[in-house]
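Just passing along the structure, written as structure tokens.
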């Protein structure tokens, strides 16, 4: 439906977490969305910009300003942002004054390297959503599409819900 | 964004192909979209109707009539059809007189049981597309969304393309 | 424990079956044991000889003679043969006069490309068995190690059993 | 070849590490060897005893005494111990006075839940090794079989090697 490439901006988060045996720790690695899309028979055009490589709890207001500036500077109208889930909503809110682009946030509740990860499914949701939706800022998680201003992470149940559904 | 359950109708195809060692053959098995969605942290409502269990080359005009009747009979406005890729476009065309629902076809180029299958990604695309798109009939494959009347399977390259792009 | 490389001879079979969407058929492809071992942190030395690329029902007496000649010609004492399961026992029997080497057959009941395949597990069994066992001809399937002259494929239940256990 | 069940004792380690999104931490979960063996077409008899659920850096001398006592108390002659890799050798050494059983340690360099984990391969190696080897204490990692008294983890390169090979 669209002919301009989708702009994909990566910021880190659980989707990109990998395991370093040498240190027995988990760290944020390279953008998994790149590997996922390259290994699939995807023919849609896209460009990936690795912007940050952080757990989302470590993302600062300055980082969010850089994210906003990066999106404003891109000529593309269709933007996917991969992001850690804990502060995904905060980062989406920080873009509220960008009104002429379709911006879709996604991430994963389990690292993409896990057999049971939701990463590939969520990336599929984001790729379709960013092509189908009108200008606006959205979060796609759990198979749902949320406007950025009516969604919250239900940490206890590890899912995203509309604000009104959070018990 | 929507509150009615997504209606998922399965018809077989590569996405559902499994391997029977006892016979050393491959056959169309149970709907893999059911297993995929159950194993993911999906919170969107959906209902699955297993309608056919066929290689798409074996789907007949009578089958397509049953598919059309089933979709017309459902009160839901959001319909996903999983289908073999070889005649997916023909089946989409057979629904052309249904104009008040969003109908999204998807499938897979490799069986969902394969490690490298595009099934989970395609299902993600379809789940998002069916929620985001206006009424109409679409095919989501290869990360793209096609209107049903401008898409064809490029068999040689094993991908879907707009009619104009088929060499 | 051993310092000579393990000699791995591949003959095809279910373990190497892949899916060709363009033709909607399954065929025997390249040796999956190569890919599996390369992707794992394996430090044991091995050499892979792709000998045949056949469904085991198509393996002939002439093929078995080539297999025997190949094994006799190798200076190595530790041999793994990957093979289709339907005639694995027949091929093992055709090597009965080779008495100074440890020869371990294995394969898979599901293609290695399947998420649920037994291929990686079976390859692990064979790699360890060929290092640990004395000279002789063995089949490792289903987590068991069978002497070649007391094993049969129970086709109905899709497993290998000692001859005495076949009902 | 053997008819008594293989005794599998689990102690935790990377092989059993899982990810808790709610806390964004990784912890040692239930024994993955149970799930792995149940999902494969394995017909060898085995019994699993979940003894500890610890990162191997946390395993104490008291834990090792419990492990030794547990193995001595079992009537079985074939024992697999799944264990974290960092102190696997130390735990194997603590069993040195058990001389009438075949004891095989294994684990994983990446959690079994990872797509690229060596867990299934290593479990295959251990299942075969424990059936094929004479009484003694062994470590199977990286596709190799090591006597317990000539092996060390090369932490820098994340692999097991004979003591003489450690640079």
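Think of it as A, B, C and D in the order they're written, each chain with its own count starting at 1.
Rule of thumb we're sticking to: contacts are C-beta pairs under 8 Å (C-beta built on N, C-alpha and C of every residue); 3 or more make two chains touch, one makes a residue touch a chain.
Only a predicted model underlies this, so the values are computations on that prediction, with no experimental measurement involved.
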Chain C reached from chain A - shortest hop count over touching chains: 2
Partner chains that chain A and chain B have in common: none
Geometric centre distance via CA averages, chain D-chain B, whole Å: 44
Inter-chain centre distance, chain C versus chain D - centres from mean C-alpha coordinates, in Å: 26
Chain centre separation (chain A, chain D; CA means) in Å: 38
Multi-partner residues of chain C (at least 2 other chains): 109, 115-116, 158
Each pair of chains that touches, named by its two labels: A-B, A-D, B-C, C-D
Residues on chain A engaged by chain B in the complex (per definition of touch): 1, 36-37, 39-44, 109, 116, 118, 120-129, 131-133, 140, 142-147, 158-161
Complex contacts: residues of chain D adjacent to chain A: 14, 17, 19, 21-22, 24, 26, 55, 57, 85-86, 109-111, 113-116, 155-156, 158
